[in-house]
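Two complexes come next, and they have one chain in common, subunit A, joined by subunit B in the first and subunit C in the second.
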Partner chain A sequence: MALLEVSNVTMQFGGLTAIDNLSTRVEKGEIHAVIGPNGAGKTTLINVLTGVYPATSGSVSFEGVRIDGLRPYERVKLGMARTFQNLRVFPSLSVRENVTVSQFCRTTSGVVANTLRTRAVVREEARVRDRVDEALNFVGLADKAGWPSKSLPYGQQRLLEIARAMATEPKLLLLDEPGAGMTLQETQGLGVLIKRIRDRGITVLLIDHKMRLIMTVSDVVTVVNFGKKIAEDTPAAVQKDPEVVRAYLGARGLRT
Partner chain B sequence: MGIRSLSMKDKTLIGIILVLAALYPLITNSYMKFVLMTGIVNALLVVGLHFIFGLTGQLHMAMAAFWGVGSYAFALAVTRLSWPYWLGVFAAIVAVGLLGLLLGFPTLRLKGFYLAITTIGFGEIVRLILLNWAPVTGGVFGVAGLPRPTIGPLQFGKNQPFYYLLLAILALLTLAARMIEHSKYGAAFRAVHDDELAAEAVGLDPTRLKILAFVLCGVYAGIGGAMYASLMQYISPEVYTLERSQMLAMMLVIGGMGSLPGAIMGSVLLTFLPEVLRFLQQWYLAVYGAIVIVIIVYRPTGLWGIWVRATEWIATLLKRRGDTRGAA
Partner chain C sequence: MDFLAEQLPIVVQQLIAGLAYGCIYGLVALGYNFIWNAVGIVNLAQGDFVMVGGYLYAASFVPVVASWLGPGSAGSSFWTALLLTAVGMVLVGMVSQRIVYYPLRASHPRTIMISTMALSIFLKNFAIVAWGTYPVATSGLFGQKWFRFDLFGLGTVTVLYQYVFILVFTAILLVVQSAFFSRTRLGRSMRAVAQDQLAASLMGINTPLIIAITFAYASILAGVAGVLLAPIFLVSQAMGSIGLKAYTASIVGGFGNVIGALVGGLLVGSIEVLSASYVSSVYKDAIVFVVLIAFLLLRPQGLFGKKVIGSL
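Up next is the complex of A and B:
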């Protein structure tokens, strides 16, 4: 059983078909990339998978359970987390608080218990603090925990979003162009980070433009164009696929 | 926990409560003493509004309706039903908490100005019901003969003991609000305020959190409404107007959005400002408006922001004097 199974998903906005009858499977433990030219429907796909948009038709299953009717926060609880292409850290929260709110869905204490700060709440907060520390350490932001999140440089805000997603304790992490706006050096660090996420047993669905990143980290690559899947294979095989070369990489072949 | 380990906000909160406690005997004018009491009741309401407007960022303009239902639930319970005093207060809490739930559900999908307009309409409906459902609410005549509380042998019938009871309730409810604000709920409310889509993407249910904030606000408004009724000993529908909802929202904004000490400062000072300016006669509303505009334009962080700046300034001044003395 695939971790995530996408079956014949179509997403239409009025007369525009952003995703056209797309099916794919994300297997447990792999880094699965989705690539395609601008406007191919990649971000729309992430929004459909995470529940921001309800698909026009088709179905999405996570661990064998249909999830297409669920709200985004319900999918997070099942183990799907995401980052955003255009940064969406919580500006009025500190770096630490940004990651702390991700643990909310993994805690059970109620308002009254929190008002009285019962012993159970104190224990829960200690556990949350450990998880948050771990997530911040994982992306290398532990020393900036007290900073206002908006004062972080761009690339580090991206890392903060990854830490925030990791703190929801996901089984599947959907990264929407995590390399956008990053320098070459930062992108290399990102590639290492993505592999470390996979090595923790978290499956990764990665969307990006950066071919070098995609080709070095991915196990499987799905290529979409105009909302349709045109190829799906290992990075090496996809690079040689004539249709992919024509649609995306350009007639003269691969450029990185 | 020593006093030094407390945050600036916590120290200020303790300071405000102490100042308010010391203020009452210092005021000699009995009318001004009464204004101070209404200021404390307003603070109860504004601390409630802090949850939904200050923390969660929802433009809730039906605060007068919450407050009015609290007052009437208490008043009708203790007069018509002859319930004991504190059971009447409890009835007010439950009534307004349920009202928060009722307002929360239909407004789940509304944001910003749409929510503001809906809550304004909601407030008007409640006001008209209080006014026109005469067999129950007493209509324009209101409800008279409302009691002051007793706790065991303690009597709070006179203004002075009642003032200190109000202040104790404010201190307790402020402490509770502070605990919630510092808990996971406080951060979750602020996350919903910042970005609802991102909040959902990290597993928060914005709808549930907003309803929770509405209900918390309702609990505070229930207590505030009951205490107002008990303070005045007579209530009538004409005070629970949109203008008062705006006034309560303004107290929060002038105090400094999202800061609990600011909420209390704003409530007390804005309750007093019209009284202080009364000597200006027909000009007082114009001057009052001008003062409010100046604060919002030049100090958008409100009285709390001014207070923070002032304490920093004094601290550096003291430090500099200490340094020069050390050098000499």
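Up next is the complex of A and C:
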């Protein structure tokens, strides 16, 4: 059973078909990349998968369970987390608070217990703090924990988004152009980080434009163009696929 | 100099009253701001929540609680009635948002604001049906007791105990509120939803619930304002007009800004009281609204707000 199964999903906005009868499977433990030219429907796909838009038709299953009708926060509870192409950290919360609010979906104590500060609540708070510390350490932002998140430089805000998504304890992490706006060095660090995420047993669905990043980290690459899947294979095979080369990489082949 | 020295105790007296009204406006303005930050609409029924809070307290809970507790229980019946009013306001806030906001949440903000206007009209008329057309008087904790103190030998300042109580109560409430927003899980989640609703939802926060709680909290604040005002004013449908003063406070402070709401409230309260005593009590409302119009024309982002481009 695939972790995520997308079956014949179509997403229309008025007359525009952003995703056209797309099917794919994301297997557990792999880094699965989705690439395509600008406007190919990649971000729309993430929005459909995470429940921001309801698909016009088709179905999405997560661990074998249909999730099409679920709200975004319910999908997070099942184990899907994401980052955003256009940064969406909570600007006036501190770095630590950004990660902390994302941990709350894994807490169980209710209002009454919290008001009374029972022993279970105190234990749970300690657990939240540990998880938050761990997530911040994981992306290397532990020393910036007290900073207002809007004061972080751009590349670090991207890392904060990853830490925040990790704090929801996902099984599947959807990264929407995590490398956008990063320098070459930062991008290399990002590649290492994505592999470390996978090594923790978290499946990664990665969208990006940076070919070198995609080709070095991915196990499987799905190529979309005008909302349709035109190829799906290993990075090496995809690079040689004539249709991919024509549609996406340009007639002269791969440029990095 | 003699004239100034003579006037000073009177000015201080007026200012204490002004700041007390200002606290009330600030509490109501905070309600506007929390709802504005969470869902981007102005809840035009916020002032009527003050009235409902006042009625729940003065006309419903105080008589009932006083009869439970028997005579000579003014203190405990005040606090019990206050607590019951807060619980009642949670229900009012939750139910109203479910009917007035939730079904329209995907619509244009203007549509939702019209819907809150309908709620405002409904509440005013509901109050007539439920509590009648006669204003209700209540004594609160202190009744008409006066608080006197000497001002550096210049004269005696005399103010209602209730004014002092309003100042102290509001200050404590704000300290508790600030701890709530910075320390508790619910408070932080509310801030996250206010800053980016979609991102919050995608980080696993149950946004519809948090929005409902935000409405409930805004209506508690309005209800508390109603309880604090009830002993000074009579409780009547006219209490809803507090909403307009609080709206002015929000504009003056900068819509959506928490500190702005309070500073705006204190300013509006002081301007109102001082213009009543030094210009004309007939025109005090007019003067407040001139301030509102002046801010809308000259500094629409308010004292603490950021410039916003675009309009509803």
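Assume the second predicted complex is superposed on the first by the 256 of 256 C-alpha atoms of A that agree within 3 Å, B and C clash if a C-alpha of one lies under 4 Å from a C-alpha of the other, contacts with A are read in each partner's own complex, and residues count from 1 in each chain.
Here is the rule we go by: a residue touches a chain if its C-beta (ideal position, glycine included) is under 8 Å from a C-beta of that chain, and two chains touch if they have at least 3 such contacts.
Note that the coordinates shown come from a computational prediction; the quantities given were computed from them, not determined experimentally.
**Student:** Based on the shared subunit A superposition, would you classify subunit B and subunit C as clashing or fitting together?
**Tutor:** Once subunit A is superposed (C-alpha atoms), there is a clash between subunit B and subunit C.
**Student:** In the superposed arrangement, does A:Tyr73 touch subunit B (first), subunit C (second), both or neither?
**Tutor:** both
**Student:** When the two structures are overlaid on chain A, which partner does A:Ala145 contact: first (subunit B), second (subunit C), both, or neither?
**Tutor:** Neither subunit B nor subunit C is touched by A:Ala145.
**Student:** Is it subunit B or subunit C that touches the larger share of residues in subunit A?
**Tutor:** The partner making contact with more of subunit A's residues is B.
**Student:** Quick check for you: in the superposed arrangement, does A:Arg82 touch first (subunit B), second (subunit C), both or neither?
**Tutor:** Both partners, subunit B and subunit C.
**Student:** Contact-wise, after the overlay, does A:Arg117 reach subunit B, subunit C, both or neither (first, second, both, neither)?
**Tutor:** first
**Student:** Of the residues on subunit A, which ones does subunit B touch that subunit C also touches?
**Tutor:** 50, 52, 71-73, 76-77, 81-82, 84, 88-93, 97, 100-102, 104-107, 111, 114, 164-165, 168
**Student:** Quick check: in the complex, which residue numbers of subunit A touch subunit B?
**Tutor:** Touch residues, subunit A against subunit B: 50, 52, 71-73, 76-77, 81-82, 84, 88-93, 97, 100-107, 109, 111, 114-117, 121, 125, 128, 164-165, 167-168.
**Student:** Can you list the subunit B residues touching subunit A in their complex?
**Tutor:** Touch residues, subunit B against subunit A: 176, 179-180, 183-185, 187-188, 190-191, 193-195, 197-206, 212, 216, 258.
**Student:** Note which residues of subunit A are touching subunit C in the complex, please.
**Tutor:** Its residues touching subunit C are 50, 52, 71-73, 76-77, 81-82, 84, 88-93, 97-98, 100-102, 104-107, 111, 114, 164-165, 168.
**Student:** Can you check the complex and tell me which residues of subunit C touch subunit A?
**Tutor:** On the subunit C side, the touching residues are 184-186, 188-189, 191-192, 195-196, 198-208.
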